[in-house]
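Naming follows writing order (A, B and C), and every chain is counted from residue 1.
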């Protein structure tokens, strides 16, 4: 039980008359690469936004188990509090600080965890300088890790889509999270970038011990990466299981266009 | 508690005595606020932008109608049909002045920014600058003192409601206001222009794909809002005269009304205007004259903090 | 139909713009009307007797029409020939080398010029060069009162220029660093001044504990109170999106003005107070009292101006400054990495307020009177203009902007040409704001980052607008 990282219990989310999430229950184990898939409009991003405190579901509970299995209820907390507790995320359309360089983008992530103090920041005392040096080093390490070291001083707005995803991942990792939520990381990337991203994602989990929760449309990518999947349709969970189980699940197949496994593979 | 209780009872007594008079006055003021508020709401709808300079459009309408009236009205006070004709002319002149000012504003201060796809902050600052420019120029040209509008009719109580006299002035505002507001409502609901405005307000990109001329629609939106604001300037000027600073406070209150009713929502703007006018009017019974404005600004601050979507909700709102 | 086609042609639009612009300038520089003769100004502006550049007597509109046509001509020339000129300049300065297309004697001169600019720019980026430059500037500022001995200017340097530099620095933190549009900033200035008056016993309300303090001690008290005011005002309102925030701050500013004007028992009402004692130090061996002369105040304020500049500069490049940048650029992304936008925005408010409050103390202490009419909305707008004109987000920019605009205003008051009236200043300020937004929104001496941000917003990148319009995914 204590090896859970996320526990979503009967969560429902409504916007006016539209039901975005309908009695959704799921859980993620620590160290898992978990994927959430489903047709467009199934509620996947709403789920993400609920997990990060951006949306507030009207029903249900979401519990996040931070370090030392300390439980925290996500619903009712502001987004930055949830992020501070150890939930990092990327966005469907990459949100970088576009007028800043790659290095600065990640550095802001690394610093956000230090205690704040305007006076201390101004005075640049020895403690502040130590902290800054540490953030700088951490930033460089992360840029090396995601493979953006050579683009450290490029304006982030000039990065390619694949590199933007890497930047967002690096920035999220800079906050020393327990779990990294990736919203369609492969969208808009070419096959070689996709391969690189998949390897990176695996590396994040293997080398850094960060659990991964992934939304993706690219079936090939998802099936090769994910250890377990949930399938959403019209705001409800319609299936759960390993990649092999999901591929042969008739409800899932029906939910997507196409009524054969091959057709589903063609989605990639 | 005793002192406060005494304060309340004595002021409520005043309120009850003056109720109908204050009601009529409040409604008239409310119509003026509503008409100006529509200008804010319309521009907000199509540009997602608060037109800070709308206060000066109100002023331009006031001055335009003043000059026209000054040129036409002789020394004797007209009456009967002549009065009605003059009032109508005044409304038209005010509307024209407001529309021209609004068009000029849009061309000079906003369109170049739209061409460059400037960040929204630039529009706000440009609006502030334009507002400043216009009203200080007016101050330079027309002097710093209040100029009274030539008399178009003999102001007298027309009839009484429950003992409170209803002056002709209020009647003029109520009738003129009602005609214009209903006219606008029909225009937006039924005509092609109205549909274009609503389309652009919903989704400008798609609207342009569907063949709506965005530039023209925006220009016409400004004209509409400007016409109503300018006409309101004339009506306001009838009672209070015109002066270069006349726009600031009424426009800020009209903005309060627009937010109160739900910015982006035309009927909300009118509703907000009426509510604000009534609130102001009734508070005369409770606070000193100098603090009436504080009531309006206080409502503004409260609405923005507590329910920024307003009463009728932000029609063109976003989810979550 | 033909008319519409004619009007759409770029040359016609240019001509109309020139004519309209010049017509407006005629109005702005012409004689004023008045309430009793409201058309006098307009008719005078166009029909007044005016000399045609000293050649013969005519009416204003004729001379100005000529000017308009000349401007139109120059503009057209610039567009047709200037394009090539600008292209050469840009490509040369970017590449640092001669573009293969540019051959010919005239062009070589141009290229040499461009190269010089590039060299200058790279040089100024070196820290040592900047340090030397700043120290030279500081030395110049220190000797200034001895160079400019005109008493008008000496008093003005403190009251109008230094004080407004402080105010601009403060608003720069709020608008420039944190991206919050505050239209009621003057309220903090007022709070600083009134607190000084209160603490020194100059208000109808008794000073705390009945002790009348020296204005020096008012400094920490005023700054503390003003920062608290910033937090109190900011905490509820800074959750609002940008344009609503602007209006709320405007409303608050007005409310405070109305109260200041009417609470005779507390604030002295519309007369204010004029009994604030001067600064003085009596500490051990040091015994100095600031009197009526402006020069000692100049130095006192200069010390603090430098302090604030250094402090804000450090802040800008610290993690707080970076957090502000993140919030400004993309609040949603900033939140997703654990930055609490509200906290940092309130911090910006409080810090900016501190500078304004301090300016209030200085004003109260030096001019020894405090009066609500110094703290009205036009002053808030003026401070905004100083920041925008100088370059929001850029400390050097706003300091320069404040000095330039205030300096020009004061010059016009002091030695005004015949057609200028001091009340006209506001007209020019309004026009300046619009022109700045259209042509150079980043300001006179922009911060590089802001310039990039604006450029990116124009290209459709980034999420800068969400701060203002509240559009979130």
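Methods note: a contact is a pair of C-beta atoms (placed from the backbone, for glycine too) under 8 Å apart; a residue touches a chain by one contact, two chains touch by 3 or more.
Quantities reported herein were computed from a predicted structural model and do not represent experimental measurements.
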Farthest-lying chain, centroid of Cα atoms versus that of subunit B: A
Chain pair, most C-beta pairs within the contact cut-off: B-C
Rounded Å distance between subunit B and subunit C, as computed from the means of their C-alpha atoms: 31
Centre-to-centre distance between subunit C and subunit A (centres being mean Cα positions), rounded to whole Å: 43
Gap in Å, rounded to a whole number, between the CA centres of subunit B and subunit A: 49
Shared interface positions of subunit C, touching two or more other chains: 453
Residue numbers of subunit B (touch at least two other chains): 320
Contacts with 2+ other chains: residues of subunit A: 54
Interfacial residue positions of subunit C with respect to subunit A in the complex: 311, 314-315, 318-323, 325-326, 329-330, 332-341, 343, 347, 351, 449, 452-453, 456, 461-463, 473
Footprint of subunit B on subunit C - complex, ascending: 27-28, 32-36, 38-39, 41-42, 179, 181, 183, 236-237, 240, 242-244, 246-248, 250-252, 254-255, 258-259, 261-262, 381, 384-385, 388, 421, 423-424, 426-427, 429-434, 436-438, 441, 453-454, 457-460, 464-465, 468-472
In the complex with subunit C, residue positions of subunit B that touch it: 48-50, 67, 108-109, 112-113, 116-126, 128-134, 136-137, 139-147, 243, 252, 255, 259, 288, 290-291, 293-294, 297-298, 300-301, 304-305, 308, 318, 320
Partner subunit C, residues of subunit A touching it in the complex: 52, 54, 78-81, 83-84, 88-89, 91-92, 95-100, 104, 107-109, 111-114, 116, 118, 121-124, 128, 131-132, 135, 155, 157, 171-172, 174-175
